[in-house]
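I have a structure here, written as structure tokens, and I will follow up with some questions on it.
Per-chain numbering from 1; labels A, B and C assigned in written order.
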Amino acid sequence: MDKTKKILTKILLYFVEIFVIVVSIFPILWVIASSFKTNGEILSSPLALPSSLSFEPYIHLFQEYNFPVYFLNSLLAAGISTFVSLLFYAMGGYVIAKFRFPGRGLLFALFTVTLLVPGHSRTQPIFSLITQLNLYDSIWGVTVVYLSAGMAMSIFVLKAGFMAIPASLDEAAGLEGCGFFRTFWSINLPLAKSALSTAGILMFLGNWNEYYFASLLTVSDTQRTLPIALAFFTSEFSYNYTSLFAALTVVVLPGIILYAFAQEQVQASVVSSGVKG
Amino acid sequence: MKAPKSSPRVKASKMERANYKWIYLFLLPTVLIFLMFYFVPIIQVFLTSFTKWDGFNAPEFNGLTNYINMFTNSGFTYALKNLFYWCLVGMFLHVGFGVLTAFVLYQKPRGWKFTRMVFMIPNVISAAAWAMIYRFFFSDDMGILNSFIRLIDPNFHVQWFYTSPWAFWAVTFTWLFYAVIVTLLVLGDLMNIPQELNEAAKIDGASGWQLVRHIQLPLCRSAIGTSVICTLTSRISMYEQISLTTQGGPGDDTMSLSILLVKGITDYRYGYANAIGVLMFVIGLIILGIVNKAFRMDVSDY
Amino acid sequence: MKAKKILASVLAGLMLLATAGCNNNGGGSTASGSTASGGSSKGVIEVSIPSYKTGENVGAVFFEPQVERFNEKYEGQYKINLETVPQDGFGDRLKQLAQQNKLPVLVQGGDLDWILNVVIPNGLAWDMTDWLEESGLLERAVQDSVDYNKDKGDGKIYTIPKMTVRPTGFYYNTAMWNPEEDLSSLTMDELVTLLGDQKIAFSTAENGWVSALFLTAFIANQEGGVELLQAGADEKITDFSDPIFVNAVASLQQLLQNNAASNSIGAAYADAANAFMSGQAAVIANGPWMSSEFNESNSANWSNGFDGANVKASLFPGNVGIENNRAFGEWWISASASEEEIELAKAFLEFISNPEELEAYLLAEGGDAPNIEYSEDFKEKQAETQVLADLAADTTEETVYVPCILDVIPNSVANTEFGKLLPSLANGTYTPEEFCDWMTQKSVEASAE
């Protein structure tokens, strides 16, 4: 009885695991495979593997477009904005989680509903701000805008993360003479790593994929980010599936590889600290 | 920031009062970002929702006309109904699937790290790209799904995105299983559970399921609450998944508030679009309040 | 503690990468900044213009070399740098630039409603009436477009009027279907009969463009239909209860049910084009710009034995060419441009409107320039390209020009509602009457105060 239960549990575990892997990985594999097929092959036999490996569309992409620059720009805009805003929102989330003060509820509500501010109504004020800062057509302008991107989600996740840290730790720190800042920096921040990494990854990926503001605020090739490059292949009256899938691959793969590396680093640290804590 | 005045409603301890300076200093960057990027838009959305406005020329006050137009729009009830169902699906199936995955990964079966990694892949791909992939996936002529089904039944033809009632579910499937955020949040909380607690429960004779039900699940309450809020707000603002696949069709089957809003913009009816924005805002606030209460998210466990 | 170190080193690494990137880009941005400014250091007037007819866009094939030719001709005097921007969001960019008073010197297009309600009333566009009259460009312009400009601009002209008309008809693959009749002089019914069970490539996703062209043809072929469509160019149609619409939709439904290529339901334009170019459909409706797709140079996109050389073109029955002549032209000049920049802009607009450039344009993208005398060389070359010759032969005094249905209905209905309902029309869920009721309801809602 106990044994069958164990086996059933095992089956369930692996079933879920395999399902997750399939739904996550299959579409992207299909896109990559399709980028090696001709238009005709994609149409007539969508499931088949490509009949020959042609790198033609990729060569075209790299000749026509400066993908290494786009990649660096994406990394710059998404990386810096995530790093800075993560610190800011951690500070905000920390005090909201741990202290009572006038305006707390209001501020928290305001921060979290920013998620629902329609994009179009942000366009004009942001465009005007960026041009006044003289950052139009600069990747820095995009970076500044991305600071604001993950506000709601991050505050939420971080607040929850800080709330999970026992208040007794703060009190102990206070008794030992830790000031406000040190209690935050040396006690709470390290213990909230799980929340920090979740919020950080979410913000980074959100910014990595962001299209609208990146395309609105930049024009020159040197300031372009990866998602903009993809938009060139979906313009009106284009029908070349092969190069569309190739562009999709080139845009998407770096994000995945980057994430795979970062994930090893960031989450390894999270897990080890979690197990110990 | 103004210097804080102690409000009678908030009972602050002496120590907390001493900390006000630090508290507001810590809030300052977030408040600044809020003021720079959100304050003006929010005010603008509210004020112009009572005007006729083309987005450029001066708005003209027109009272509640935009709201009346919104409530009487033929797609409006569909949008509300869909939002309701999508919220239900999101809350139970989407979050449920994410939580299940988190618990599975917490058991550390073989390959769990790999699974955790690939689960993130769908989030690395932008919504626009996903929608494109899904159009190919569900396409009758060249899509994967129907090609597979036709291996069994050669005469099978269903236009998932373009036939009632499948369209609703086809759109749902574009996000349903991509619950990595939920999984990460819950997994984070699970990993934070002190080992002693688990071990103590085991010594008391708790079986694996009991441990999950009575110890681990309740301790993930806050993470699940956060997940529910993230999911529900994403449902309110969900746009690309619809606009790039069904555009709200067939008929108004997959209509959403966001699609109505963007249609308003296309027609240069910014006032009307902003009235929809206000409604989305209000719905979001209500959901936030309810979930906060339901999951007792202001209460710390430790 | 170890974990903390790793985290710190990751962040430090990120920062390092970021600063490396910023060195790279800092350099890049100043470089582009100096070229972009409308400086006149060595007497060269130089401007940057954002355009979506660049890169992968179908329009780039002709437009990019054209700007090069301009730069060559005026070397040492004028220089235009094209900025490649995606079409998606191009209109938004213009709107924002206008609000900051930072419009480019030469502005490419913009939504019709925006030009009507914002650009002209707020004086954002430079008044080119006098210049056009003095330079003699008006003589080459399409009269309808000049009139439209004047009607909407209170007697003044703010956009360079159209010099060419590009009537849209349809293409057919003679390897599959090779009628001997002069298709444009038939009636729609005769065409449908002649088609038999040949397949037509339709698009029913996005805005349903290819289907909309057929619907337009069905409307235009009925008594009073032409007037209905033409009136729509000035005041958008919001009532579709007229039997003309209902009949046209019924005919379209027949066609969708009997002749649609197998991938038509849910097909985007790309799917329809691919259906035609893989021999899955014998007919596709589309504008003359598609002609370049049938050149040998694009054969990589053909499949299943399709050969561009077999493609012929025709206007729709009843000599109907779909083209809105009561429209603004493609370019206008920003009123905030300096005098030097306006000089350049004028030189550019004159350049692209000179007969040689117009002829080159027509050869590349098809169409007709009614008010210029073609050169022999041009006629020869046009005759060499089968589809262009076909269209040119059909484009005569008799040609009836009508705007596409999508141009004469409210934006949101044209962009989404029409296409959204086509699958339901095709599979019979909606009758033509219901379809028209739906269109009416959505149009009324879209234009509510």
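FYI, a contact is a pair of C-beta atoms (placed from the backbone, for glycine too) under 8 Å apart; a residue touches a chain by one contact, two chains touch by 3 or more.
Owing to the predicted nature of the structure, the values given are computational and were not obtained by experimental measurement.
Asker: Computing the C-alpha centre of each chain, which chain sits at the greatest distance from chain A?
Answerer: C
Asker: By raw count of C-beta pairs in contact, what's the busiest chain pair here?
Answerer: More C-beta pairs are in contact between A-B than between any other chains.
Asker: Counting only Cα atoms for the centres, state how far chain B is from chain C in Å.
Answerer: Inter-chain centre distance comes to 37 Å.
Asker: Go ahead and note the Å separation of the Cα centroids belonging to chain A and chain B.
Answerer: Here chain A and chain B have centroids separated by 15 Å.
Asker: I need the residues of chain B touching at least two other chains; which ones are they?
Answerer: As it turns out, chain B has residues touching two or more other chains at 55, 141-142.
Asker: Going by the touch rule set out above, which residues of chain C reach two or more other chains?
Answerer: 99, 263, 271
Asker: Where in chain A do residues touch at least two different other chains?
Answerer: 43-44, 124, 234, 270
Asker: Over in the complex, which chain B residues touch chain C? Could you list them?
Answerer: 52, 54-57, 62, 65, 69, 73-74, 135, 139-142, 159, 161-164, 243, 246-251, 259, 263-264, 266-269, 272
Asker: Give the list of chain B residues in touch with chain A in this complex.
Answerer: Touching chain A from chain B are residues 4-7, 10-12, 15-16, 19-20, 22-24, 26-27, 29-31, 33-34, 36-38, 40-42, 44-45, 55, 100-101, 104-105, 107, 109, 111-112, 114-130, 132-134, 136-137, 141-144, 147-148, 177-178, 181, 184-185, 188-189, 191-192, 194-195, 208, 222-223, 225-226, 229-230, 233, 236-237, 261-262, 265, 270, 273-274, 277, 280-281, 284-285, 288, 297, 300-302.
Asker: Which residues of chain A touch chain B in their complex?
Answerer: It comes out as residues 9-10, 12-14, 16-17, 19-21, 23-25, 27-28, 30-31, 34, 42-44, 46-47, 85, 87-89, 91-92, 94-96, 99-104, 107, 109-118, 120-122, 124-126, 129, 145, 147-148, 151-153, 155-157, 160-161, 163-168, 174, 180-181, 184, 194-195, 198, 201-202, 205, 208-209, 211, 227, 230, 234, 244, 248, 251-252, 255-256, 259-260, 263, 267, 270-271, 274-275, 277.
Asker: Which of the residues in chain C come into contact with chain B in the complex?
Answerer: Spelled out, the residues of chain C in touch with chain B are 95, 98-99, 113-114, 117-118, 121-122, 204-205, 262-263, 265-266, 268, 271, 410-412, 415-416, 419-421, 423-424, 427, 429-430, 438, 441-442, 445-449.
Asker: Any idea which chain A residues touch chain C in the complex?
Answerer: Checking each residue of chain A against chain C gives 38-41, 43-44, 64, 69, 72-73, 75-76, 79-80, 83, 123-124, 127-128, 131, 136-139, 190, 193, 212, 215-216, 219-223, 228, 231-241, 243, 262, 265-266, 268-270, 272-273.
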